[in-house]
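These are the structures, in C-alpha cells.
One chain, subunit A, appears in both complexes that follow, with subunit B as partner in the first and subunit C in the second.
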Partner chain A sequence: MRHRKYPFIVGFLIVPVALYVLLVIWPYLQTFGYSLTDWSGASQQMNFIGLRNYTTLFGDNVFVLALEHNLLLLAVLPLATILLALFFAFMLNVGGRGGTGGVQGVRGAGFYKVVFFFPQVLSVAILSVLFQGVYRTDQGGLLNGVLVELGVEDPNRPWQWLSDPNLGLWCVIGVLVWSGVGFYLVLFSAAMQSVPKDIYEAALLDGAKRGQTFFRITLPLLWETIQTAWVYLAIAAMDCFALVSTMTPGKFYGGGPDHRSEILSTLLMRNFITYGKAGYACAMGVVIFFITLILSVVALRVTRREKIEF
Partner chain B sequence: MGSATEYNRRDIFKRAAAVTVLAAGSSSLLAACAAGGGGGSGTKGAAPSGSGSATNPFGVKANDPLDVVIFKGGYGDDYAKAFEEMYKKTYSGANVSHLGTQDISPKLQPRFNAGNPPDVVDDSGAQAMRLDVLEKADQLTDLSVLLDAPYLDDPSQKVRDVLLPGTIDQGTIDGKVYSLNYVYTVYGLWYSNKLFKEKGWTPPKTWDDFLALCATIKASGVAPFCHQGKYPYYANYLIMDLVAKQGGADLVKRIDALDPTAFDDPAVLAGVSAFFQIMQKDYLLPGTNGMTHTESQTAWCQGKAAFIPCGSWLENEMIKVTPADFDMAFLPVPSLAGDKMPQNAVRAGAGEPFIVPAKAKNQAGGLEFLRIMLTKEASGKFAAAANSLTVLKDGIGPDVVLKPGTKSSAQAVTAAGGNTFNYTYPDLQTAFETEMENATTDLVNSRITPQQWVARVKAATSKKV
Partner chain C sequence: MTIHTDTTGAVPAQRGTDRTRRPSQAQRFADSGGILNVFSHGFLALWALMIIVPLFWIVLGSFKTNAQIGSSAWTWPGNWHFDAFARAWDKGIGGFFANTVIVLAGSLTLTMLLGAMAAYVLARYEFPGNRVIYYFFVAGAMFPVYLALVPLFFMVKNLGQISPLLGLNSYLGLILVYTAYSLPFTVFFLYAFFRSLPTAVHEAAMIDGCSHTRAFFQVMVPMAKSGLISVFIFNVLGQWNQYLLPVTLMQQQNSSDPDHSMLAQGLMNLALQSGYASDFPGLFAGMTIAMLPVLVVYLSFQRQVQAGLTSATLK
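== the complex of A and B ==
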C-alpha cells in the first residue's frame, strides 16, 4: 500500500500548488525582478539598474517617515485591539458575578456580543464614509458637534481630526481598533468557551477574584489564540491602505497632511500608479514583504510557549 | 465625503460641467459634418503621419477598427457615442469599440504595458494616467500632425486655427503637443449676488477692497472665505492667480517650466503674502481647512461663507443644493498694487485631455476621431449633452440661455479679452503640484509662513516624475 500513498497525495496537491505558484509565488518573484529596474509601469521599456532603487529608498525621507508610521501602527494596533478584545471577551464569558449559576458572563452578554461584532460586518468603504462624518472638521461632524455643544471646544476653532498632523494617524487607528475588536472578541470568546468550566469553578472555590482568574487561567489557556491574533493584526498594521487612502487628506491616495499619516502602502501606490515609478514601488513592496515576514516569524518564535492540554 | 465623492468631484473637475464663455455662431447642432472625406478606403498608406489625401490627411483605412476609451464622469459618454456615429458615417466599414469608464488607470495601465493601447483616450478623472508619466514612457503621439491637418468644416483652415487661445499650450510638453484639451474652463472667486445685494456689499476689485469687505462680512456674522481644504489645489487657484497677476504672463511660463528662479521673483511672495492675510485676519470659515469640496461648497451655498475659489464647473456641480434665487456670480481674483496684468485678467483655458497613444493600432483613426470632435456638429452635440463649451472658437450661439454663474464667468472672459492666462503645471508636473498642495495645506493652517511656502515650493521644482 505504501508505494501508492505518494501518487495519491501528489494527485491532490498538484493543482492547488500549481495555482499557488502561478498566482502567488511567481508574481512575488516578478516583483523582486522589477525592483531591480527603472520600469515606469506605463510601457514595456525598462533597464536593469541593480540595487539603485533600494539605495534611493533609504535616502527617501518620506519612505522613512512612512516606515515609522507603519511601525507605530504595528506597536499600537495589535496591542490595543487584543487588550480590548480580551477584556470584553472575559467579561462576556466569565466576568459575571459568581452566583448560583456558576461561571457566566455579565448580564446581557449575548446582546453585547452582537453589538461588538457589528462593526466587523461593515465594509471598509462604509467605515470610511461613516467616520469621515464622525471626524468632519466643522460643527457638522459628530465629534465636533458634540464637543462644541458640551463647551469643550471653541466653535471658531474646531478640531481638525484627520487633517491635524498630530491626530490624523491616531484617528485612523481609532477606526481600525473600533472595527477590529468585535472579530477578536468573538475569536477569544470561542477559545474561552472551550476551556472547561470546572477549572474556573475550582478557582472560584479557592477564592480567586476576577483578576486572578484572568491572569492565572484565561490568559495562559488562550495563549495560542492570542498569538494568532497578534500575527493577523501585525499583518493588518503593515497594510491599512484602504482607510488611510480614503480618509486622510493628501493628493493621490491620501497620507496627509503633508505625509504625516503616510504609510508604506499609500506611498507605494502613489509611486506605482501616479508617478510612473513602478520599479521603485516594487522595491518598496519587497521591503514591506521582508518586514512582514520577519515580524511574523519573530512574533511566533518569541511568543512560543508550552502547549497546555485540557 | 469618502473616496466615492472624491471621484465625482474630480470627474466634474476634469469634465468641468458648467464651463462657459464665448458665444457666437450657434445652431451648430444641425450643422453638417461638411467635409468628411467620403472614403478612406482607397488610401493605402498605413503610416499615421500626414501621408493621406486632403480629405483623409492621416490615411485612415475605412475598415480598420477604432478603439475608443472615454472617461465617463460628469459629462457622461453619450457625446462620445455620437462622435463615434459621426466617425462611422465617414468610415463605414469601421468597427468602433467603445468603453466608458472612470477607471482609466486600472483599465489602461495593463494595456499600455502590454503594448496594445486603445486608439483614442479621454484621459481624465482621479484615475487618469498622468500625462507627464506617459510622455516619459514614449506612449503619446505628437499631435502636431492633427493641428496642421485641414479643418473638417472649412478645409481652407488648419485645425490649429480654430482652437481657442491657450488650448495648444495646455497639452504641450517640452515643445511637443501630446493632448487635445477639449473643454473650456474659467477659474476665480465665486459669490452669491443675492446675498451681496441684500447686505449691500460690492464685489471688490482690488485685494485691499477685498480684505476691507471681508472685515464687513465677518462683522455681519458670515464667514468671509471658505475653501475645499481637503483638496488644497482649490486654494492654489487663488494663490497662483494672485501670483500670476502680480508677476505677469512671463512668470506664469517660468513657473510652468519649473524654473526655480521664478520663485525668487518678488511677485510670488507678494501673492502668497496677500493670500496669507486671510489666515492672519481670521477670515476663514471654521473647519474649512479639513473640508471636502462637497462639504465646503455646500456650506457656501447655504450662505455660511461669502467667497469660494473654484472653476466654472462649480454651478453645475452644486446645482442640486443651490437655492433657486442664489444668483451665483463670478469674480476675477482681485488685483494687488503693482500688478502686471489688468484687474479683469482671469485664468481660463482648456481642460479634459484627449490623447492618441503612440502604439495605437489605428493611430490614424484616433487622430481622425479628434479632428471630427472639433467640428461644429460635434461641438454642438457636446454642448447639448454636457452643458459645457468646447475649445472650438465660436462653438455656441447667443440663443443659448446660460445659467447665472456661467453667464457671469462668460462675461468675465469677454471683459478680459486677451488678458486670459492659464497654468499647465497642474496637468503636466505631477510631483511638483503634489508638493505645492502639501505646502498650501500647511499655509492655510498657519503652520508655515508665506516665506517658508515659497522656499518649499521652490525646492519642489526639482521634483519630477
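== the complex of A and C ==
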C-alpha cells in the first residue's frame, strides 16, 4: 500500500500549492524586489535604486500623515469594538435577571444577536452609500436631521461630518465599529457559552455582584478569544481601504479633505494605479507588511497569559 | 422572582433548610445593578435602533423624490412608486449580481475542494516537506494583501497574454485569485479539523481495499462536514465583501471590454459616477435591491451563519 501513497500526496497537493505559490507567495516576494527599483509599471524597464524609495517615503509628509492615521485606527478601532462587543455579549448571555440561578441573557437576546450581526453581511458598497446618506452635510442627512430635531445643532450651520478635516476619519471609524461589533459579539458569545454555568452559579452563591462576575470570571476565561479578536481587528485597521476610498472626499481613492483622512492603503493605490509609481507603491506595501507583522507578534507575546482549562 | 429561584436545584441538598437565604442572594445578584439594568437595556435597544433605522431609512428613501431627500431627513414618501427600482435595475445591478454569483460559485467550489485536499494530505500523511508546506500556508494568512498587490496585478495581466480567459477583467482570473487568497485560512482551519477526526474509520476503509482518493471523498469529507460548512460560510462572507481585489483586477481594459464588475465595485462605480449624482432615489433603490437577497439569505440561515462563523474563528 505504501508505494501508492506518494502519487496520491503529490496529486492532491500539486494544484493548491502551485496556485498558491504563483498568485500569493511569488507576488509577495516580488514586492520586496520591486520596492528597490524605480519601476513605473508601464514598461519592463527599471533601475535598481537601493533604499531610495524608503527614504523618500519617510520624507513624504503625506505618507507620515497616513501612517499616523493608521496608528490612530490601530489604537481606537480594536479597543472600541472589543469593549462594546464584550459589553453586549455579557448582557446577552449572563446579564439577565432571575431565571435559573440568575445566569441567563436579557430578554430578546436572540433578536439582538440577529440584528447586531446583520451589518456584517452587507457589502461594503452598501455600507458606504448608506453612511454617505447618514453623514450628508445638509438637513437631508440622517445624523444632521436627528441632531437638528434634538436641538443640538443649528440648522443653518449643519456639521460637515466627512468633509470636516477633524471629523472625517472618526466618521469612518464609526462605520467600522458599527458594522464590526456584531461579529465580535457573536464570537464572544460563543466563548461565553462554553464557560460552564456552574462557575457563575458558584460565584453567585458566594455573593458575587454582576460587575465582579464579569471582571473575575468572564474576562479571564475569554482572554484568548479577545486576543484573537485583537489581531483580527488590528489587521482590519491596517486595511480600511474600501470605506476610506469611497466615503471620504478626494479625487482618486478619497483620503481628503487635504489628506486629513489619508491612510496607507489609499495612498498606495493612488500611487500605483493613478500615478503609475509601482516601485514606490511596493515600498509602501513592505511597510504595511512590517507593521502588521510587528503588531501580530507583539499582540501574541505581550498579552500571553496562562491558559485556563475548563 | 423568589418563586423561580426556588426551583433551580443547583444545590438540591440545601433546598429545604435554606429556602429563605438562597433567593435573597439570587435577588442581590439580579438587583445589584438596578439602574445599570435600565441603562444597559436602553443601550442594547439604542444600538439595535442604530442598525435598523438607517437601513429602513435607505429603503424608504427609494420611494421619495430627489427634492424630498435633499430637503429633510424626516420626509415621508408621498407616493409609493417603484420607478426608482426600475431605473436602478436598468443601470446594470442585475449584471453585477450575475457576475458576483458566477465568480463566487467558481471560487468557493475551488477554494473548498483545493483547501480540503491540501489540508487533508498535510494533516493525515507524513512525508518530507510536510511541515514546510504547512507553515507556508499558515504564514500567508498573516500577510496583508497590499504586500502582493502590485506584482499580482502584473501577474494576472501576464496570465492574460497566455490565455484571454485568465487575464484582467476575466471571471476565471478573479476566481483563481480569490481561491489562492482564501487558501491559507481554509487550509489552516481544515488542517486542525482533519487532525481532530478519529483515525479508525479511515483505517477500516483502507483495510477494506479503499483507495486513498476514495477514502478522502467518501469517508473523510462526510465526516468533516461541520468543519467544511464553517469554513465555507467564512469564505462566502470574505469573498462577498471583497473590494480591493476586484477594483484592482476587474477594470475594463478598453471600451469594448464587457463590464465584469463585482456587486460592491459596480454599485460604488454607479454611486461615484455622475449617473446617480442627481438621482438619489435611484441610488437608494439600487442599495435596497442589493440588500434584499442578502437579508433573505441571512435571516433564513442566521443560526448556521453565526454558529459556523464562530467555530471557524475560534479554532
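Details
Here, the second predicted complex is superposed on the first by the 285 of 310 C-alpha atoms of A that agree within 3 Å, B and C clash if a C-alpha of one lies under 4 Å from a C-alpha of the other, contacts with A are read in each partner's own complex, and residues count from 1 in each chain.
In this section, a residue touches a chain if its C-beta (ideal position, glycine included) is under 8 Å from a C-beta of that chain, and two chains touch if they have at least 3 such contacts.
From a predicted model like this one, the values you see are computed outputs, not experimental measurements.
Once the two complexes are overlaid on the shared chain, A:T228 sits against subunit C while remaining clear of subunit B.
Shared-chain residue A:V195: touches no atom of subunit B or subunit C.
Residue contacts after overlaying the shared chain place A:V24 against subunit C, while subunit B stays out of touching range.
In the superposition on chain A, contact is made by A:S128 with both subunit B and subunit C.
In the overlay built on the shared chain, the residue A:L267 is in contact with neither subunit B nor subunit C. In the superposition on chain A, contact of A:W178 is made with subunit C only, not with subunit B.
By the touch criterion stated above, A:G41 is placed in contact with subunit B and with subunit C alike. Look at A:P165: by the touch rule set out above, it reaches subunit B but stays clear of subunit C. In the overlay built on the shared chain, the residue A:R4 is in contact with subunit C alone; subunit B does not reach it. Of the two partners subunit B and subunit C, it is C that touches the larger number of subunit A residues.
Residue overlap on subunit A between its contacts with subunit B in one complex and with subunit C in the other: 41, 125, 128-129, 132-133, 136, 138-141, 144, 246, 273.
Across the complex, subunit A is touched by residues 1-4, 6, 105, 109, 112-115, 129-130, 132-134, 136-139, 229-233, 282, 285-292, 295, 299, 430-431, 433-434, 437-439, 441-442, 445, 447, 465 of subunit B.
Interface residues of subunit A, counted against subunit C in their complex, comprise 1, 4-6, 8-9, 11-13, 15-17, 19-20, 22-28, 30-31, 34, 41, 87-88, 91-92, 95, 97-102, 106, 111-126, 128-134, 136, 138-142, 144-146, 149, 178, 181, 183, 186-187, 189-191, 198, 201, 204-205, 207-211, 225, 228, 232, 235, 238-239, 241-242, 246, 264-265, 268-269, 272-273, 278, 281-282, 284-286, 288-289, 292-293, 296.
Of all residues in subunit C, only 1, 4-5, 8, 10-11, 22, 25-26, 28-33, 36-37, 40-41, 43-44, 47-48, 50-55, 57-58, 61, 69-74, 114-115, 117-118, 120-122, 125, 127, 133, 136-137, 140, 142-144, 146-155, 176-177, 179-181, 183-184, 187, 206, 211-213, 216, 237, 240-241, 243-244, 247-248, 263-268, 271-272, 280, 283-284, 287, 290-291, 294-295, 297-299, 302, 305-307, 309-311, 313-314 touch subunit A in the complex they form.
Of all the residues in subunit A, the ones that touch subunit B in their complex are 40-45, 125, 128-129, 132-133, 136-141, 144, 155-158, 160-165, 245-246, 249-252, 256-259, 273-277.
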